[in-house]
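Labels run A, B and C following the written order; every chain starts at residue 1.
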Amino acid sequence: MSAVAAPGARRAALGGRALRAVGEWLPALVVFVLVVGLWEGLVRALHVQQFLLPKPSTILRVCWTQRHTIWPAGWYTFKEALGGFAIGSGLGVVAATVVGRFRTAGKALMPVFIAANAVPIIAFAPIFGAWFNPISAQSKMAVAAVLCFLPVTVNTLRGLQSARPHQIELMRSYAASEFEIWRRVRVPTALPFLFTALKVASVLSMIGAIVGEYFGGALNALGVLINTSAGIFQFDTAWAGILVASLLGIALYGGVVALERVVLRWNPETRGS
Amino acid sequence: MANAAVAVRPPRRRARVAPLRSALERAGLVALVLAALVGAWELYHWIWTTTGWTWPFVVDDTSMPHVWTIFKAFGQPAQVNQPALITVLLHKTAFTAKEAATGFAVGAVIGFALAVVLVHSRLLQRSFLPYIVASQTVPIIVVAPIVVVWLNPKLPGPLQNWGAVAVIATYLTFFPVTINTLRGLQSADPRALELMRTYAASRWAVLWKLRVPSSLPYLFSALRLAATASVVGAIIGELPTGLQDGLGGAIINFNQYYSIEPQELWATNVIAALLGIAFFVIVVLAEKAIVRRAPENVA
Amino acid sequence: MSEVAAAPAVVRLERVTKTFPRGHVTALQDIDLELEPGEFVSLIGPSGCGKSTLLRLIGDLVEPTTGSITVNGKSARQARNDGDYGIVFQDAVLFDWRTVAKNIALPLEMLGWERDRRRDRVREMLELVELTGFGDHHPWQLSGGMQQRVAIARALAFQPALLLMDEPFGALDEMTRERLNLELLSIWEQTGNTVVFVTHSISEAVFLSTRVVVMSPRPGRIAGTVEIDLPSPRTAETRDTQRFFELVTEVRELLRSRGEHLLPEEEAALE
């Protein structure tokens, strides 16, 4: 008994969807308000030392008063992260595609990649600094890029290998070329895997940039700003910088999620039901 | 009634020989990859030094020491009157490994517990998951010194210093465990859940008899990620606090001498890489020992 | 879950209606049904007639919108809590990580039986479904038919009074299905449960049951009942008898006549 939806019913359905979206986010919002309120209250009440945990109000105030240093610094570091993210992910996709063409090589190399992913890349950050001049943005981009490369490669490769045999058989029954099969079946199958990796990589790239800056970086970089502020006991500024770094990481993640919603419109998992 | 006709009995004898052969194959592959890496390294070095290209970076014996030089550095003392580098590094590795292992264990327990709590309440999920995810965007390397300064005085004597770093390792470990375990606990077959309802099973029974066993592949996938995360966390925790006893301290030290003795930093990095891989391999082996599943059921 | 004596159940549905609010679908309308102890009742009808929903209502896996359901003199909810029924789905729903024996033991573990008692009962059940010796196998090592036998063994392990079966043999090939029909009848003769059996197959329904309840869709209703007076014990030859053919025709006519809403493809789907 499928009824044709009357216009009134459709409006009601949209309204219902909006209401449900609010319902999705309301608990998180409530938690946010509660935590911030508690934070503010406890710091005041317990006189927690300002360098450990300043009040949220203080942090926000500094974000505003120091906006001419913090936000540009954040943007500088964000560009390092973005560059690394783009380069690392791009290379990862290319590597996965190349390796994926050769079926046996792909299966054999996968465990190698997975093991390589276990290497703590940040240990190599000072070496990248030595290669690209510790102050430059490239050295941080390199750290971010390497951090992104492996997860993207592993996941994309796995995605390319996970096309269902029946689908391949079907394409062969159409006498499709290898390239057609790759384009029409393997790539769409691999896309969800790719986006999972991109989400992880987005967060890692920002972290990578800041970790890289720990070993030296331009004065107008966020990581350096945080470290120097902490060094001269200006902890308000340091925490404000941390907040900005976190927000930018979330923003990059959010960007990837938005892109995913567009590209993977057809996938029920990403339609955020 | 012809029962046996369609049953599949796994051949017993082959099952015992196969692991040995696949282990040898695996070892052979590793050796091949290592040889390829060394070859590529030296090849790159040779090409770039003969042509004099400067992009992406200048190649000489400082920026890319020969593999042999790095290898030799292990046997020599880093500073006068000190034991060989390899011994020093192994001690530091043990120190860092202690932090990482503790972080791994505690992080895994916390992550698992969090996932169990969250799987039972969609409300809690919607309330807290965004923050759990956001927690990982906080650059832990800058928060680490603050954590150490705050935590150290509160720790009992023998736990000081490395204990604080273990906390940092825990912070990086719990996240992948939570997310993946949660997905695993949610992955129980809805028809199996219905079956448990017909038994009027309590939530506890459903958890331990259905959800946890069916989540094992996801859990081990999480533990593999956690193994790496705990090592990374331990090193990151050591860096800003300058703890001399661990690999992080060694990295900072040798970084300062890089232009003079680059191979020492490289040697340290090789050891750090091996530590990360070792943790990973241990988890993979544990998984092989514990989980015996249908061949198709790989997460 | 308490252990009920293995006396066959009485199931009674009075003016039961079930609507699903989401799609404004009336799955079942005004269902009145009474099952005597020891009956083998088949529910048959085209897709959308609500037979699976009806089964789930009896099992308290779904709540009625109006009307009442009584199982063994208690509410359906109470019956489920007391473990008065066992259920078999179209998919065996065995736990991959447990052996066959441990799968059968699952409800017994939930009931808190000690290990020895469980082991003995599992052995009995394996004999009952003729899978002795397969206790240590894993589900994926068995064929579909064998997996369903394990599911049946599990459903009967704690000797419930009522057995609910939702197209349990639907995913199997015809020959396995006919064989399992015979097995099911022999098991039923030994245990004496009351059985509610949902199926798509007219011949299966007639072969197995003491009574066939025919349902029609949109909204789901009981179109009629056919008493099956075939002699017991039934054998493979029973299918060749004249009486069998007459009863199958009677059921088919009932489906066709009362199911005025049947779409051509739905008709074709019924054998």
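Rule of thumb we're sticking to: a contact is a pair of C-beta atoms (placed from the backbone, for glycine too) under 8 Å apart; a residue touches a chain by one contact, two chains touch by 3 or more.
The model shown is predicted, which means the values in this text are computed figures rather than measured ones.
Student: Going by the average position of its CA atoms, which chain sits the greatest distance from chain A?
Tutor: Relative to chain A, the chain with the farthest C-alpha centre is C.
Student: I need the chain pair with the most C-beta contacts, please.
Tutor: A-B
Student: Distance-wise, how many Å sit between the C-alpha centres of chain A and chain B, to the nearest whole number?
Tutor: So the centre of chain A lies 20 Å away from the centre of chain B.
Student: How far is the middle of chain A from the middle of chain C, if each middle is the mean of its Cα atoms, in Å?
Tutor: Spacing between the chain centres: roughly 51 Å.
Student: Taking the mean of the CA coordinates per chain, how far is chain B from chain C in Å?
Tutor: About 50 Å separates the centre of chain B from that of chain C.
Student: Across the complex, what residues on chain B touch chain A?
Tutor: Those residues of chain B that touch chain A are 26, 29-30, 33, 56-58, 62-63, 123-124, 126-131, 133-134, 136-143, 145-146, 149-150, 224, 227-228, 231-232, 235-236, 239-240, 247, 251-252, 255, 258-259, 262, 265-266, 268-269, 272-273, 275-277, 279-281.
Student: Spell out the part of chain C that touches chain B in their complex, as residue ranges.
Tutor: 1, 59, 61, 80-83, 85-87, 89, 91, 93, 95-98, 106-107, 109-110, 130-131, 134, 137-143, 145-146, 179, 183
Student: Can you list the residues on chain B that touch chain C in the complex?
Tutor: Touch residues, chain B against chain C: 1, 3, 6-10, 189, 191-192, 194-195, 197-201, 205, 209-210, 213-214, 216, 293-297.
Student: Mind listing the chain A positions that touch chain B in their complex?
Tutor: These residues of chain A touch chain B: 24-28, 30-32, 35, 51-52, 108, 111-112, 114-115, 117-124, 126-127, 129-132, 138, 203, 206-207, 210-211, 214-215, 223, 226-227, 230, 238, 241-242, 245-247, 249-250, 253.
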